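What follows is a set of structures for review.
The following pair of complexes shares a single chain, chain A, combined with chain B in the former and chain C in the latter.
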Partner chain A sequence: MSLKDKLLSSYIAFEDHLEEDSPIHDIRNEAIKVFEAEGFPTKKLEAWKYTSLNSLLKENYSIFPKQDHSLEFKQVKKYFLHDVDTYKVVFVDGVYSSFLSETTHDKIDVCLLSAALNKPKYKPVIEAYFNKAAKQDSLSSLNTAFAKEGAYVFIPNHKEVEKPIEIINFSTGNEAAIMLQPRNLIVVGENSHVQIIERHQSLSGNAVFTNSVTEIFAEKRAYVDYYKIQNDNTNASLIDNTNIWQEQESNCRVHTFSFGGKLTRNNLNFYQKGERCDSTLKGITILEDKQHVDHNTLVHHIEPNCESHQDYKGIFGDASTGVFNGKVVVEKEAQKTDAFQQNNNILIHDKATINAKPQLEIFADDVKCSHGCTIGQLDEEALFYMRSRGIAKKEARALLMYAFANNVLESVKIPELKVRINKLIANKIGVRLGFEL
Partner chain B sequence: MLKIKDLHASVEDKDILNGVSLNVNAGEVHAIMGPNGSGKSTLAAVIAGKEEFVVEKGEIFLDDQDISEMDPEERAHKGIFLSFQYPVEIPGVTVTNFIKTAINETRKAKGLEEMPASDMLKKIKAKADMLDIDRKFLSRSLNEGFSGGEKKRNEIFQMAMMEPKLAILDETDSGLDIDALKVVANGVNKFRNKDNAVIVITHYQRLLDYIVPDFVHVLMDGKIVKSGDKELAYKLEEKGYDWIKEEVKA
Partner chain C sequence: MGKFTEDDLKKELETKEYEYGFYTDIESDTFPIGLNEEVVRAISMKKEEPEWMTQWRLEAFEHWKQMVEPEWANVNYVKPDFQAISYYSAPSKKPKYNSIDEVDPELLDTFNRLGISLEEQKKLAGVAVDIVMDSVSVATTFKSTLAEKGIIFCSISEAIKEHPELVKKYIGSVVPQRDNFYAALNSAVFSDGSFCYIPKGVRCPMELSTYFRINQAGTGQFERTLVIADEDSYVSYLEGCTAPSRDENQLHAAVVELIALDGAEIKYSTVQNWYPGGKDGKGGVYNFVTKRGLCEKNAKISWTQVETGSAITWKYPSCILKGDNSIGEFYSIAVTNNFQQADTGTKMIHLGKNTRSTIISKGISAGKSQNSYRGLVKIGPRAKNARNFSQCDSLLMGNECGAHTFPYIEVSNKTAQIEHEATTSKIGEDQIFYCNQRGIDTEKAIALIVNGFSKEVLNKLPMEFAVEAQKLLEISLEGSVG
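Then we have the complex of A and B:
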């Protein structure tokens, strides 16, 4: 049975278990129809031209993992931040782990989507926001159909959340292969601030296929800082669908650090629904072996006087492949838009590949839009300069790679996270540096 | 200290050096002058080990050790320092971090422990003061957005920090106003001692008023065609290079 057929037949059983009056009952049924009609995307689709899911679809995934895969804290300690206190919403094989989590209902809600979907008091929020920002494409629809669990974050107006929120999805390897479909809903009220770190982490070499959907709503003047750490092991694949709705004067920033995993696809969509929004999309991708990362970004400028800043750096070693497909749409009404897109890539080995495709669709006439894309090797002159100062070739190369990626780190606002990312980069490049940049 | 014998070097099959011989002893300053395209910068780069250049023939000895096959970093560890004509910008690496890395990598290669952080700071402070370098400058990204003068001063700062045996200054005077030139020359003069040596590559005699050479060599078409003392530099300044060309022909 193909994975698609398996999912479709599982859906019938899944839907039977849910209560009839679930507010999203109809949404699920519509969503599964979309997936049934479209199936998994293939390379025939323009948006999937350089990324094939074939190798993922062969596995026999467990779709509803058994409960109770508890983990000891010491097994997973290293995946959390330590120096700062955080809220934590942790899932183990798709199941909420109350033991590893630290949720709250004190003025803000940092808890579970399952609770939000089932308890009447959350009904107005679910009705107002759930599935409103998610794309209605086949993979997002597949997630919607099975949406059951994930993080639910609701920040009311005028609230600065003091602790960052960590959303971590562990997979234990207790199943030979597992498919996970976390669904996160994040609503940030007017003038409110929040920092969120999201991570998917497999603890074994077993196959993991995650199809995640995150919806983020930033109300007027909200400030959302979102960090994605993608450093999973080499048999774990991730399709991340993140959709951000921004209201007037809101500021949303997403940093994506892609160092691990087998195949990663980031569908990151920003919709600017109000004037003077500010959107930032930044990424560092460092790959080796046969890893594959595909950044598919969209910034949709709908209203006037908004800005967007995109800066993606990629370093590709061995036979790794990267894709950057960055689309910026400026609607006719979106005058005075200031949209900037930068994508720089370094290929370290002959077999590494990057497919970069900036796309600008501009319908307004008074805008400032720029984009730049480079693909190159490490600068030989710079290497000689460093070597002539006694820095060995390997370290000089590493230092240059660091330097290349560094400016993306400058905007990371959580100091410990910055240090951690720095270390991940050093490990990935395989050197020890005498200082932290 | 440095002995170059009949050095031939090419880049992309184009001959640039056509038999350079040069002896530099400890405690000496040698100036290499010559018209554009005569091979001055190539000579500097070949001594420092730039891989783009192919040594076709000849030898480069440092303290009786043939270095002509060594990697650039190995030569640096042996005590060769090249001050670049066009220092490379390295965004994201501060001046301080870069020099720390350079010094500790060199110490590591020599089997020494890393320099203690407090000693490093003291040294950085002393050398920065000597070269009139603002402390803020040290936490800026290496050469990024530096003026021409700042870049050159930074090169001399690195030289002072690394204390090489042989410093090659490739057109360190270009882009410097007279005040900066004096500061840089002062840095070089303070660095000089009986155990090290300096090769100054320049177009102009001006720098040699401040860094006084023991020998002046004229490089033309990849060969040293004339050598003399500092008076030769004055003569070149006054009369240009044509008279040497005539002399060579004759």
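Then we have the complex of A and C:
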């Protein structure tokens, strides 16, 4: 039985468990139809030209994990940002772990989507926002059909959230292979500020296939700072669909750090629905072995006077593959748009491959749009310079790579996170440097 | 005269009529419409082709039947009905002329109105013209000068008869019959085209050029060009196009193959000004062209194009850099106006070591047109030290047009160095202000900016052609380009 058939038949069983009057009942039914019609994307689709899901679809994933998965805090302590106080929403094999989490309902809501979907109190929010930003493509629809659990963050107007929110999905490996479909809904009210860190972590070598959908709504003048840490085991694959709706003068920033996983696909879509929005998309990708990371970004400029900045850096070793497909669309009405896109890549091994496709689609004339894309190596002369001054080759190379990625790292606003990512990079490159960036 | 503003320019661009729209009435030897195996055989017979050529065409036709029309390009149009086209049309007065006086005066008049009179051409600095009027070449000049050097420059049908060994070896070697839908169609039904062979070590003393024209109502033009530059030779080849005004869409599906053997250099320049369709988007030529060159060791192929015409353009002159140290270049200006749609660009396939490529593409869109750059830079695993630089700039005039870039970059070698940059802009108010401030009026300022914008490409055209290219740019941008 193919994974698609399995999902379709499990949907029928899944649907039986849910109350008929659930507000999203119809949305689910519509979504599964889309998935049934389109199936998993193949390389024939332009958007999936460089990424094949075939190797993932062969596994026999369990779709509904058994309930009794618990973790000791000390087992997973290192994955938290423990040196700073945070709200935590933690899921173990797709099930909420109240023991590891720290949620709140004090003025702001940081809790579970399952609660939000079922309690009448949240009904207006769910009706206004749920599935409004998500793309109606096959994978997002698949997630929508099975949407049950995930983080729910609601920040009312004029509220600055004083500590970051961590959303962590653990998979224990108690199942031979597991498919997870977390669904996050984040609504940030007018003038409100929030910082969120998202992480997917597998704790064993068993296969994990995560198809995650996150919807973020930034109301007027809202400020959303979102960090994605992707440093998973070599058997864990992630398809991340993040859709962001921005209202007037809002500012949204997404940083994606891809250091691991077997196959990672980031579909990151920004829709600027109001004037003077600001969007920032940045990423560092450092890969080795046969890892594959595909960044598929879209910034849709719909209203005038908006800005967007993209900066993606990639370092590819061994037989890894990197894909960057960045698209900037500027509609006719979106005059005075300032869109910038930058993608720099370094290949450090002969078998590594990079496929880049930076796209511009522009329908307005009074705009400033540019993109740049480079692929190259570490500068031999710079290496020689450092070596002539007594810096070992390995350290010299690492220094250059740090410098290369530093642009992106610099704009991380949480100092503790910056240190953490710094360590991840050092670990990845295999050196310890005597300084902190 | 009042101030010339960008709005005026826009208006002019929109109202400017196609200047070269007229129709020459020459009795044509035209096939009935439709396409089947019989038609393919008949074309081959008509051209008095040997059996291997007929078989080659039939093979292509077999492939074509199984192919579907590509839809990935960023253009919208009514697909041509391939059974509603006549696949062969030739001026009926067939015998070749020895001197210009023998040519049908009506035909000469056509060329005169296009501003390419043969007399003038003859006098001009050594341009040999192989004129293709509705698929059959009717005049070839300077042939004797070329023959002295051992250069073969003739129509492809003549080459099939007289140099079968060369044609057989190279035709389809760069663009195979089954390469794509339109290439397969062309391979099956091509009526004529040019053939050029430069022997070892010969530097072609003059620019070779052909002029194509679609003339007969309802006939598609299927040109086939084959240029072979043998070891260490050099040739500069020009191709220019204009077509008469006509309401129904005309199909043009040409194939151009360039082969540059070790150390050879080919410079291929195109000025394209097919009928772009009326202001209302009616009519116009469909231009679906496959152009590709193959570079052996130390060879160089350089494509330069100025695209101002055609309702739909679908064209990607490409280089396969097979040999070590080979070089590929692509310089392009694409101007779209009214309802024109262009999806054009290049492919640079790096296979050999130390291969280099440069891509400079300038797009200017006005009216309600859509202008896309689509390019591929591919570095194979064995292409050590490959180097590419790409630059795509777009200039938008008005907010009803669109400019798009779709660059594909695929690198599988760590020593590759790739740079790509793209910008989109309009003629900035501050730029014009700067000029005004220094006593340059707005009209001159726009001219200056547009000129400067496309200079990098115009400079690459051979002298004789640069003049004509300027002329064609003027048609689209008259009043703004000085």
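Annotations
To be clear about the criterion, the second predicted complex is superposed on the first by the 437 of 437 C-alpha atoms of A that agree within 3 Å, B and C clash if a C-alpha of one lies under 4 Å from a C-alpha of the other, contacts with A are read in each partner's own complex, and residues count from 1 in each chain.
Definition applied: a residue touches a chain if its C-beta (ideal position, glycine included) is under 8 Å from a C-beta of that chain, and two chains touch if they have at least 3 such contacts.
Since we're looking at a predicted model, the values are computed, not measured.
When both complexes are overlaid on chain A, the residue A:Leu347 reaches chain C alone and has no touch with chain B. In the superposed model, A:Ile391 makes contact with chain B only, not with chain C. Touched residues of chain A were counted for both chain B and chain C, and C has more of them. When the shared chain is aligned, chain B comes close enough to touch A:Glu380, but chain C does not. By the touch criterion defined above, A:Asn407 reaches chain B but does not reach chain C.
When the shared chain is aligned, chain C comes close enough to touch A:Lys357, but chain B does not.
Of the two partner chains placed by superposition, A:Ser204 touches none, neither chain B nor chain C. When the two complexes are superposed on chain A, none of the residues of chain A touches both chain B and chain C. On the chain C side of its complex with chain A, the touching residues are 72, 381, 394, 396-426. Remark: chain A residues 46, 332, 335, 345, 347-377 touch chain C in the complex.
By the touch rule above, chain A contacts chain B in their complex via residues 379-382, 384-393, 395-396, 399-400, 402-407, 433-435, 437. Considering their complex, residues 48-52, 71-73, 75-77, 80-82, 84, 87-88, 90-93, 97-98, 100-106, 109, 114, 141, 158, 162 of chain B touch chain A.
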